[in-house]
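One chain, chain A, appears in both complexes that follow, with chain B as partner in the first and chain C in the second.
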Partner chain A sequence: MFKPNTLDHSSTTVASQVVPFLRNYYIYFVLIAIIVFLSAANLDRFDLFERGNFLYEKNIINILRVSAPILVLAGAFTLLMVSGYIDLSVGSTMGLSAVIYAMLAINGMPFWSAFAITALCGALLGAFNGLLVVRFKITPVIATLITLSLFKGIALLLVQDGVSAIKSMGDLKMPLWFNAYGREGVLMGLPMAFWVAVGVTIVLIVLQNRSLLGKYAAATGGNPTAAKLSGINTSMVVFVLYAIVGVSAALAGIARASFMSLGDPLSGDGMELTAILVVLIGGTAFSGGEGKVLRSFIGALIIMTLTLGMLTLVPAYFQTLVIGAVLLAAAASNHFISRKEHAS
Partner chain B sequence: MTIQQQSPVLSVEGLIKDYPGVRAVDDVSFSIESSSVHCLVGENGAGKSTLIKMLTGALQPTQGVMKVNGVVYQPNSTQDARESGIATLFQELHVVDELSVLENLTLGMEQNRFGFIIKSDLEDRVIQTLATIEPSINPSARVSSLSVAQKQIIEIARAASSGANVIIMDEPTAALSEREVERLFTVIRRLREQQVTVVYISHKLDEILTLGDSVTVLRDGKHIVTKPLSEVAGRSELIDMMIGRSVFQNYTARTAVTNEVVLSAKGLSNRLLKDVSFDINKGEIVGFYGLVGAGKTEIARALFGADKVSGSIVFKGQQVGSSPKEAIAAGIALVPEERRTQGLFTNLTIRENIPVMNIRRMSDNGIFRSADELTAAVNYVEKLGIATDSIEKHTEKLSGGNQQKVVLAKCLFSDADLLLLDEPTRGVDVGAKTEIYDIIKNLADAGNSVALFSSELEEVLGICDRIFLLYCGSLKSVIINGPNVDTTDILNVVTGGNKGVTQ
Partner chain C sequence: MSVSIKANKALFDNRRMSDQMYITLLVASVAVGLFLIASMWVPNFFQLQNMLNLVTNNWAVISLGVGVSFLLVSGNFDLSVGGIVALSGVLSVWLVQSMGGANALSSGLGLPYWLALLGALAGAMAIGGLNALFVVKFRIPSIIVTLGTMMVARGIAQVITQGSQRNTNLPDEFGVLGSLKVFGTSIQLPVVFMAVLLLVAIFIERKMIFGRLTYWIGANPVAARLSGIDNARHITYLYLFSSAIAGVVGILLSSEFQSGYSNRGMLMEFDALVIALLGGIAIAGGFGSVIGMFFGAIILAVVTSAATGLTLSPDWQFILKAVAVFLAIMAQTWALTRRNQ
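== the complex of A and B ==
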């Protein structure tokens, strides 16, 4: 009678050791696998990458600087999703920030001032989202769909003259420093935008693991009632997280504007989907409570490597399908792993 | 603790709470001694929940005074209550599964500098509190890996380490197995040794008799009595005080039982069940009795086709057991164990809940006839005595007993010939229980068969014609109910004793 029991037990102990390991580190294996695959593939026919070797320095720099916007956004977006909330307006916040930043720069404001003011605007936009959600109790999805439209409307209004993006205003031209932030290598050949993303991610990792905000975000997302009964001001937690997401979206907008050398109100379109994708790939639970900033950062690298790497391998009209298939595989394996974990 | 032992830790004086049209709590006064286990009993609707909500700050009294250690106490939120040293263990668990045990214990009390958590003696303190009440829980374990009972203990430990000297526990054993209940009792006794007062609310009178120091009985919002349990002469006196009539039903042989087999199960086996075979006759009420984990729910779900089992289930000459849809079509209905999550659409009204199992019967080619629904709902509300002011009431707002009646109505409406009732009176007050038993008997008298899966011996002995005794997934014995049934023998069998009862 006890034999099957003991057998069962030993098999679960093996699973209980392997499964958490897989759960914690599978994402790194995925990234490595994709890089190995792309390196092995024959890239000779294409111009985008240096011929012959995917791992060539210039390719990596290319990928990383194009990825700067999503890398800077992923961490804050993760914390918000861990708290059980979501922001669909990040793309519009990005677009509006890009326009504001470009206008400030064209009007002669120096880099750091333009940068700081734009970031502040992002914080205000995020805080506005937070206000709608926590004070006016509008469902997050609806509230941020409303602001998606509002923020984009303001950005379009600012550009106004019918052209799609700001490159100059009247006689005023874009200053020469404008695209340095997103393009010019400052350390290891990588631009400031990338290093800011790294810095923001490190700050958020520390916040998540060491601060009240990080712990309370997990508590709010895991069990809101328990959090409130423990005396946590969950509204304040959520409000602050929305503001942080706003700042990150503004930084993403600055990076994108600088990289493209223009202030495009539509430059963030679709960013909310990319952000959700990246965060989910990183293993964050859609229902909240669970998720890590660092894993989303890696998730962003996976998505960007895959997207750009794919450019070299399959026709453009094929890419979306392939990316979808890879994501499906990731989601399936994630589901498999967590089911194993629950079983054990 | 510096509290004088003589002064009551918590007292209420002339407490009144009015709702529109109803006085839920009517001039209640009593006091609770420090370092005791004080039980609160009463039927559903007696005013227990309203009283508790006032003590925890969720509701404000219309009139009257509450005092903590002799000082007037007016909480406006659970937070206020906690600051006055009163913590509550609600029926729903309030722990964060995603955090560790330690993180849960310190939640909301962390020491911080500029928003960053700093190490303090708080961690050591909570770990020590946890170790005194339940040393087997590892503080670094993730809460999601713990059992319901352990999660409850985490909540108790959190309350205790937050400096609460009164912990209110609302039906804490509702989801626990016997062994876990024992452990909880040990924890509560340890708390009492640490000068913590426990206010204990439960429908299970045996628990109150085992655990309590004193008891307060409420009936219809009024305070009936507060006295030490040593002065209470057993459960019959408690029941008398609660309802003024005896609930214990004596079984009388029923004439509607036939020898015609409607359901025959052979060799049911799965993860838990071991070769379970039995027959159920037309017009019969059979009981499946066993402790938690004996396989009652598993058998019910197998018969209904909700879980896969090996073996065969034949119902009225037809093979069933592969899906709930097939079972419903064949005429089997299940009243599941968890009525809130499995039996009811709590966000729908009574009217909308009743026809859901048989919606096709009230539709013409997919178009729904709402007039029929209305008739059916009014009909069943009356037939089963569902206490409500309107059939448009959302079922989440009904009391436990009335919710269960709606679930029963839903199954009755599906015209089932065999009803599987899994713990149909759990969390239901004594008055509603009697009514549910009457409904069951009337059904069986009308020629339906009923299988009752219950962990209350009193219940199966009260109404079942035959009782199947289960232990660890096996069917150990079948007894025919009657005046000569030996309860000691039954308890012996279901706890794993070897001496069987006559087949």
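== the complex of A and C ==
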């Protein structure tokens, strides 16, 4: 007599267990599904691990090292969005950092000091964003739109007229070590830039889960007023997060400059879009309050695998359309998943 | 009794300007002031022809600014307009190109010209509809949605043109719209389009219920909904309106250049946003005006053309744009807080 009732009961518990499980782990299934699809797509012409197929060792290494810039940026960008803020200037910060790094290197500075100075510049650029938002109280979107334009202008001015980027010219030669950071395999065939991205992500995961900054960021994004009233210095939290995003963008710029062997002021163009896309795919709510660094890292892998893997299947001019569609789909699925959770 | 009458009279006498008019006047005087300052430094700047050029060279961005301004006032972004400009331009070319050209890029669908224009406009408004669907129905932040649709629109344009442009096999009448001189003067049809659009927009904004509702929704969406306004339908109309303007701009531009180019209108969405902000439209919604946006466009035009006149490298325009927006935002906040102390 009670059977139907028990059945009903068990089905609701299954649903209430499945939805959070999907919410937490669907992103890994998406990544696996994309990899399976891409490796199967060319099987009629190549063997599974043969050159020309997706799982060819050098192909994977190449995808990972091209992805280094977005991988290093995704985590910090997630923390900022968790706190309810946004940085549209990351692309310009990246371009400016690439130019600074290349200028330092071409003028004879050794690797580590050029690296450190560029990262410091990134921190300053990020702090400048933070200053505009926190001190001058300009809306984040406008403030970082201003600096998007400003940093890009500075980067373009640093490169002399008539040349498009900092590169070997005449007497000034790029040092031999310049592209090692982004290209030369140091561990498992992967370059330093990739491992730095992994390291930064681990640090940020610890920061998010084990430090006050992570808790405060979530509190600021969840309810700014409540956070402020409970004694959190939200201005300081936001300022520090902007600086961290600045450093990450600078590291991304270094990785890109090193990979391309030149300091291109426009090398970060569109990076803000990619970063937003990656963070959204990772399931971070745009309104702030929730989101995980690790899931954005996986989101970055998904986007890069998709865009680069797709090149073997369709012409390059499909890229913008696919990324735009994925962005809309990610935004919509975020909406539906979070609505389901509220409903249950 | 007499006290209350006095109070009423005092209230009536104290008809000071609205904050909005105040900011619009501020923006206008900054535009004029900047023009005069530039005239002192830049040779040949203070000429009637130059004044006209400042407006006519920017007809596309000002036209886009109208739709973007209305949406900003209602509290929503529209960053998709640049992509729509590319899409509708490419569509108008692709639909009208005759079939069986020498290669894939020179053969289109061969529709009659008027049908191609309608098709291009429909394509543009479909993107506007997509914006409205995601913003209104799914309640996703408009900045994300319109960034996505910007890429979708430009992406479709890139697929149609295979990442390049289509400019062959076009009928003779194709180039007419974009370069038609009106009334025998040197003023071209697109500029007339911009002027009419501005006048209509100002009329709608000031004198029609539709315009006033936009302010209500932007100032307080919840209160607007509770007082019986259909926010969803209103914002849908605004997105369709903005995308239709962008569609027309795309058609006119592709006609002017006689080509459908997938990178046309790149960064125009940011320029449209920038001139709206310079013109004193608040990003939070509910405040600002189309006239202000127009003068914001003049400020940007004076700054960039003065920089060119001073033979600064074109790279300076990015920095000048940034400084102009920063100063404009700070000045407006400062003026408003000072006034309302």
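Note that in this section the second predicted complex is superposed on the first by the 307 of 344 C-alpha atoms of A that agree within 3 Å, B and C clash if a C-alpha of one lies under 4 Å from a C-alpha of the other, contacts with A are read in each partner's own complex, and residues count from 1 in each chain.
Just so it is clear, a residue touches a chain if its C-beta (ideal position, glycine included) is under 8 Å from a C-beta of that chain, and two chains touch if they have at least 3 such contacts.
Just so it is clear, the structure is predicted and the values come from calculations on it, not from any experiment.
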First, second, both or neither for A:Ala226, with chain B first and chain C second: first
Touch count on chain A, higher of chain B and chain C: C
Which superposed partner A:Lys215 touches (first chain B, second chain C, both, neither): first
Touched partner set for A:Leu71, first chain B, second chain C, both or neither: neither
First (chain B), second (chain C), both or neither touched by A:Thr320: second
Which superposed partner A:Ala255 touches (first chain B, second chain C, both, neither): neither
Partner chain(s) touched by A:Gly153 [first = chain B, second = chain C, both, neither]: second
Chain C - residues contacting chain A, complex: 77, 130, 134, 138-141, 143-145, 147-156, 158-159, 161-163, 262, 270, 273-274, 277, 283-284, 313, 315-323, 325-326, 329-330, 333
Sites on chain B touched by chain A in the complex: 78-79, 82, 92-99, 103, 107-110, 112, 115-117, 158
Touch list for chain A against partner chain C, complex: 132, 136-139, 141-142, 145-150, 152-154, 156-157, 161, 273, 276, 280, 286-287, 315-325, 327-328, 331-332, 334-335
Interface residues, chain A side, partner chain B - complex: 210-213, 215, 218-219, 221-223, 225-227, 229-232, 289-290
